[in-house]
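Same chain, two partners: subunit A is paired with subunit B first, then with subunit C.
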Partner chain A sequence: MARDLVSPNDSVRSQERESQVKEDRPVEKMPPRSRYRFMQKVIIPWAFILPILLLHALVVLFPAIQGVYYSFTKWSGLGPAEFIGLENFRRIFFEDTDYGKALGNNLVWMLFFMTVPFAMALFAASLLSRVKVGGIIYRMLLFLPYVIPSVVVASIWRYLLSPRFGIGAQLSKIGIQGLDVAFLGRTDTALLAIAFADNWHFWGFLMVLFLTAMQAVSPDLYDAAKVDGANRWQEFWNVTLPGIRPTVFFMLLMVMIWSFLVFEYVWLLTQGGPGGASDVLGVVIFKNAFRRFDSGYAAAQGLTISFFASLIILLYVYLRKRGWEL
Partner chain B sequence: MLSQNRVMLFVRFVSLLLLVVIPASAIAQDKIQITVWLNDDELGQCVKDTVTAGFNVFSQTAEVNVELQPNVNDTLRTALAGGAGPDIIPVDSPAYGQELGKAGLLVPLDAYVTQYDWDQRFVPWALELGNVDGSLYILPDSLETLVIWYNKTIFEENGWQVPQTMDELVALSKTINDAGVIPFSNGFGECLDCMGSLPGAFINHYAGPEKMYDALTGQIPWTDPVFVEAITLLNEMVQNGWFNGGTDRLFTDSFNTAHEMLGSGEAAMYLDGSWFNASDYFGSEAGNTNDYEWFPIPTQDGEEMYMTGVGAAWGINVTSEHPNEAAEYLDWAFSPDAQAERFNNCNFALAPIRISSDVFAKADPRTARIYTAYGEAAAKGNYGYANWAFFPAVMGTAFNEDIQKVFLGSMTPEEYVGHMQDLFTEAEAEGSLPPLPAR
Partner chain C sequence: MISLRRFRNRRESTFVNHFILILLVLFAIGPIVVLLFNSVKNNAEIGRNPLGFPESIHLENFGEAWEKGQFGKTMGNSVILVVNTVLLELVLGGMAAYSLARKQPPGTNVVMFYMLVVSTIPIWLYLVPLFFTWRTLNLLNTRLGLILIYVALNAPFSIFLLRSYLLGLSVDFEDAARVDGANEIQVLTRIVLPLTWPGFLTVGLIVGLGVWSEFQIALIFVQEPDMFPMTTSFFKFSDRFSRDWALTSAGATMMILPVLLMFLVLQRRFIEGLSQGGVKI
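So, the complex of A and B:
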């Protein structure tokens, strides 16, 4: 009865096992099967990834641990550090008004980048996905700003936003008044002006990602939608968007993390000014570390960014566990 | 036969070439190689081509290799923290050099001071700036002061007189503004943190050198009414639109725009350092027929005075394997001849060393006059204290940043100087006050 329950495949495997054992028997010095499997499944793969693991530990893990240590010290960034416990964190949360203001600006930045470039990229990608001839030219043109160095982009936009020479000044000359404003020199516009310049360089990248994702959506779904009488908006809402949802959500999470790391455009265009109006955490940390010789405090501020990023990663993990396709 | 001769001729030529080249390259290789980092800009390139090139020809023992870095200050700091960096360390202020010295990252220079008689060559107060706990760690470079550059042509056309006192400066600014000309062209769009030069100039010239000395030595607080008045006056002038039409343009226009405004006559004056190369913005090559001059920043009582600043300094990396050769280079770089060559070719400010007035023979007489006038005033004790050289690092940074808040109305002058006092007290408690020349 038991024999009857054995499938033909099992029988074949059993024969293979027996022949393997016969082959193994003469070589008595070889390690036992379990040890061999352990080598094959555990040791060898780890041996392959060991070099990169060591490199990672050297250039990422070790400095990260050092950073955590320095966050509990008073350190100029040059000499020995003095352990001061949680004093830096007390300063951050109970004393430093610049930190709160900068964090607020980071959140404004996040809100901007989770909406404006996404809307622009989705709109452009959905239009371009239907262009059959010459689409590559549009894609290249829209993607081009992404590969221009940030220093160049910042210089271009500093000039374009100048109230003396920029777009506003030129429009003013032909009678269109009101735009010759020092966008980078006013507290109410500086941050958004920088975000605008950064978005000019960023949204093309997002558009290309969405376009690639859209091309993977099955044409049959669009055909079915057409048969059901869906218009363009309904097609986008019910077919395209669900089809590219993993890409959209992944990029939303990435943008949330990147929003805490923003530095270069702010530094290049205003250095956080005027009067701290465009200060973001990255700039505040840089100033503390490199201008005020307060690197221990800067390390503590940096650690808070890691904490915020961890929250976003936890959200990502949570959503995946809940069955979201991310 | 002919072919054999050619071969022999070639062999002889190569042998001769080797005889000539090998000893030369061997000598070059025998020289001890030392490195120095400079900013990757026109000035850095010029220093490389003049001072270090001259040293490499002069020295029998060492050869300096210049590496131009895009942002030498920040790059250097990271390198030093990692135990690396060049043999010779350039820093942009004595305060930064003192931090490096305090952290044990620089070689004490005391032995070299004796060896090379640097105490005879450098102005004593300037050499004192490199002292940390009784040891010298850096040599001061780039003697700087602030003056008011002006468009001489439009001054003459409008009959405007050079002011002697602060009150006269205020009256003149109003007159210029009423005439439809912007009084001051200053713009800090590329470097908002450089805006500290404005309050630095005003507190020095409004309060005077004695009060500045007292504040910097902790004898009077920074909240003293004289400092509040100085900042209030500056803020009023900014709010009147006398600095580039108002805060919008003050915060966005570039240095170059400010220079062009002065040259074209759109603005009449420009408060800037002795380092400003005004000749680039005046005359036919600049597209105008205007001429320029400068006058000292007026004081309350009309007594001529100049802020004293040291805009750079040099030290030797503690990890250097060849500190003696690095010191030999520093001795060369601070020699009167090398300084004169750098001043005349690179328009790089002179180091605070004793130097003959012959150095100015090739210089623009207006630039030369800044140094001579400054020297004469300093001899009488009429020298002030530049914020970038004599303020502790934390206070200096806040001094630059918070003035923006004053101009924007989110901080009062009282709060501004109050914050400076807090930071000064903090630095004093930590022992981070830069050394101050005794009066």
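So, the complex of A and C:
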């Protein structure tokens, strides 16, 4: 459209265009602004990209490469690192019981987050996608916890899960006994209590993603299901779920990877306690690196997380290649 | 007969939907409401009435929390972090996105691929070496040190989102301006920015919210109390006054009020931006 706006006195442009038209190339394939020299085509565009790219490399790429190197060293963070080969990994997998326990907790965390928020989000999104009135209000209110900072979420739930003030205490006042316990202070409930608080903040976000995906499913499919006499469950199982499958599987993949990285909520609510019952890999690495200054070892533990994350991504890619519709 | 039954069914089913959704909304909003209630109760009343509506209003909680939690200083630090990170992100990320969308120099695909792959590197792989790099560069315990990390970690999200906004804008507008004699700077400020500002606003909001709420990196890279942002300072504060729920609730409320107000006004942009990639548990 704008080509029509080219004024005839723009001689360079019109000559250029004539010459290119003579060469009989389709108009769309003309190299734009081909008269620009190397400077304009390469140097200046790269000068625009480089500042943030270099900053990103300084913060992420170079330290990541260093991290791989330090994994094979004994290093306190001060002075030179001593190369010790695979010793750190031997220690991780054959000696360190904290590591195994933490990894187990990460897997529990993963199971929790692959089920509870997904069930809640799918349920709420499928209810919400049928609501005609007030849909935007529901979406906003259900999403709201996602914008609350983690320190405040932790503070709220430390209160609501406390045996003296919290929900359990209130329930026992009205006769429902047994829930006024210190969920965050008991070895058998601490991890799940933390996951519960984190999920309170997280699931609304997942719900919005699913809702957006559901709204893109063709209404014709729902009409067809109705004609076939499908009930609501059959409709959900045979139309909605296949329609949003890519979103669901992508988020499952992301949640699996994030489950190895979790740190904030655990640190805020229990710091891994009581007695290591809610230790996760993030907390163990944090303590090794910044409390015990066993930095080479912490780097090696960080590398194992990258290994698990890549395993999950590779599995995902492999299954897709094998023709699974993930 | 048939149409009547169908009509009745539909009415019934949306009623159930609303009922369950309202329960879920209570689950989502209830804890926030309890926090707001407790921020204006005194501790005696919290003991009597831990979850209910406040009987009397004690606004002095806020003044006390402001003093004891040093909110003046730490909120100032957080504002400095948010403003500078957002500005730097928009300028540097916007420049890169513009170049990658419009100029597409050789290597564009490599940069996009780098951003995609590197943003999946688990933070625990590079956090430890980054800490010691920052110590060598004297960036520990500085706001600049935090800002640089925040800008870098938000770069992939910002570049992808801004670039997709720019690709969605027809190049014809820019060409028309050039034909009318505009130079490159004018094209950028008069044409591109006015037409793509929603993308910049979204990125600014998401990055700003992320920095305002950020805890983990601030915890590791800043141990000097004078440099604490609100998050790490509030954590220390709520640990120190862990039995004074009126005080900590007032502090928490001061922290989330700006976020809540922004969210209520700009909720569509928040939701859109966060669901496009500001993803984090």
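Note that in this section the second predicted complex is superposed on the first by the 264 of 326 C-alpha atoms of A that agree within 3 Å, B and C clash if a C-alpha of one lies under 4 Å from a C-alpha of the other, contacts with A are read in each partner's own complex, and residues count from 1 in each chain.
Everything that follows uses one rule, which is that a contact is a pair of C-beta atoms (placed from the backbone, for glycine too) under 8 Å apart; a residue touches a chain by one contact, two chains touch by 3 or more.
Fair warning: this is a prediction, and the values are worked out from it, not measured in the lab.
Because the two structures share subunit A, they can be overlaid on it, and in that overlay subunit B clashes with subunit C. Of the two partner chains placed by superposition, subunit B and subunit C are both touched by A:Phe290.
When the two structures are aligned on the shared chain, A:Trp157 is found in touch with subunit C, with no touch to subunit B.
When both complexes are overlaid on chain A, the residue A:Gly77 reaches subunit B and subunit C alike. Between subunit B and subunit C, C touches the greater number of residues of subunit A.
Using the contact criterion defined above for the overlaid structures, shared-chain residue A:Val181 touches subunit B, although it does not reach subunit C. In the superposition on chain A, A:Ala124 makes contact with subunit C only, while subunit B stays out of contact range. By the document's definition of touching, of the two partners only subunit B reaches A:Gly276; subunit C does not. Within the three-chain overlay, subunit B meets subunit C in a clash at only one of the listed stretches 24-32, 78-86, 366-374 or 420-428, and that stretch is 78-86. The contact surfaces that subunit B and subunit C form on subunit A in the two complexes overlap at residues 77, 158, 290. Contact residues of subunit A toward subunit B in the complex are 76-80, 158, 161-164, 181-182, 184-187, 270-277, 287, 290-294.
Contact residues of subunit C toward subunit A in the complex are 13-14, 17-18, 20-21, 24-25, 27-29, 31-32, 34-35, 38, 46-47, 50-51, 92-93, 95-96, 98-100, 103-107, 111, 114-115, 118, 120-133, 148-149, 151-153, 155-156, 159, 170-173, 175-176, 179, 209, 212-213, 215-216, 219-220, 231-232, 234-235, 238, 245, 248-249, 252, 255-256, 259-260, 263-264, 267, 270-271, 274-275, 279-281.
On the side of subunit A, the complex with subunit C involves touching residues 1-3, 5-7, 10, 13, 32, 41-42, 44-46, 48-49, 51-53, 55-56, 58-64, 66-68, 70, 77, 113, 120, 124, 127-128, 130-132, 134, 138-152, 154-160, 165-167, 169-170, 198, 200, 202, 204-205, 208-209, 212, 232, 254-255, 257-258, 260-264, 267-268, 281-282, 285-286, 289-290, 295, 298-299, 301-303, 305-306, 309, 313.
Contact residues on subunit B toward subunit A in their complex (touch as defined above): 74, 77, 80-81, 99-100, 102-105, 189, 191-193, 247-254, 257, 393-394, 397, 401, 404-405, 407-408, 410-411.
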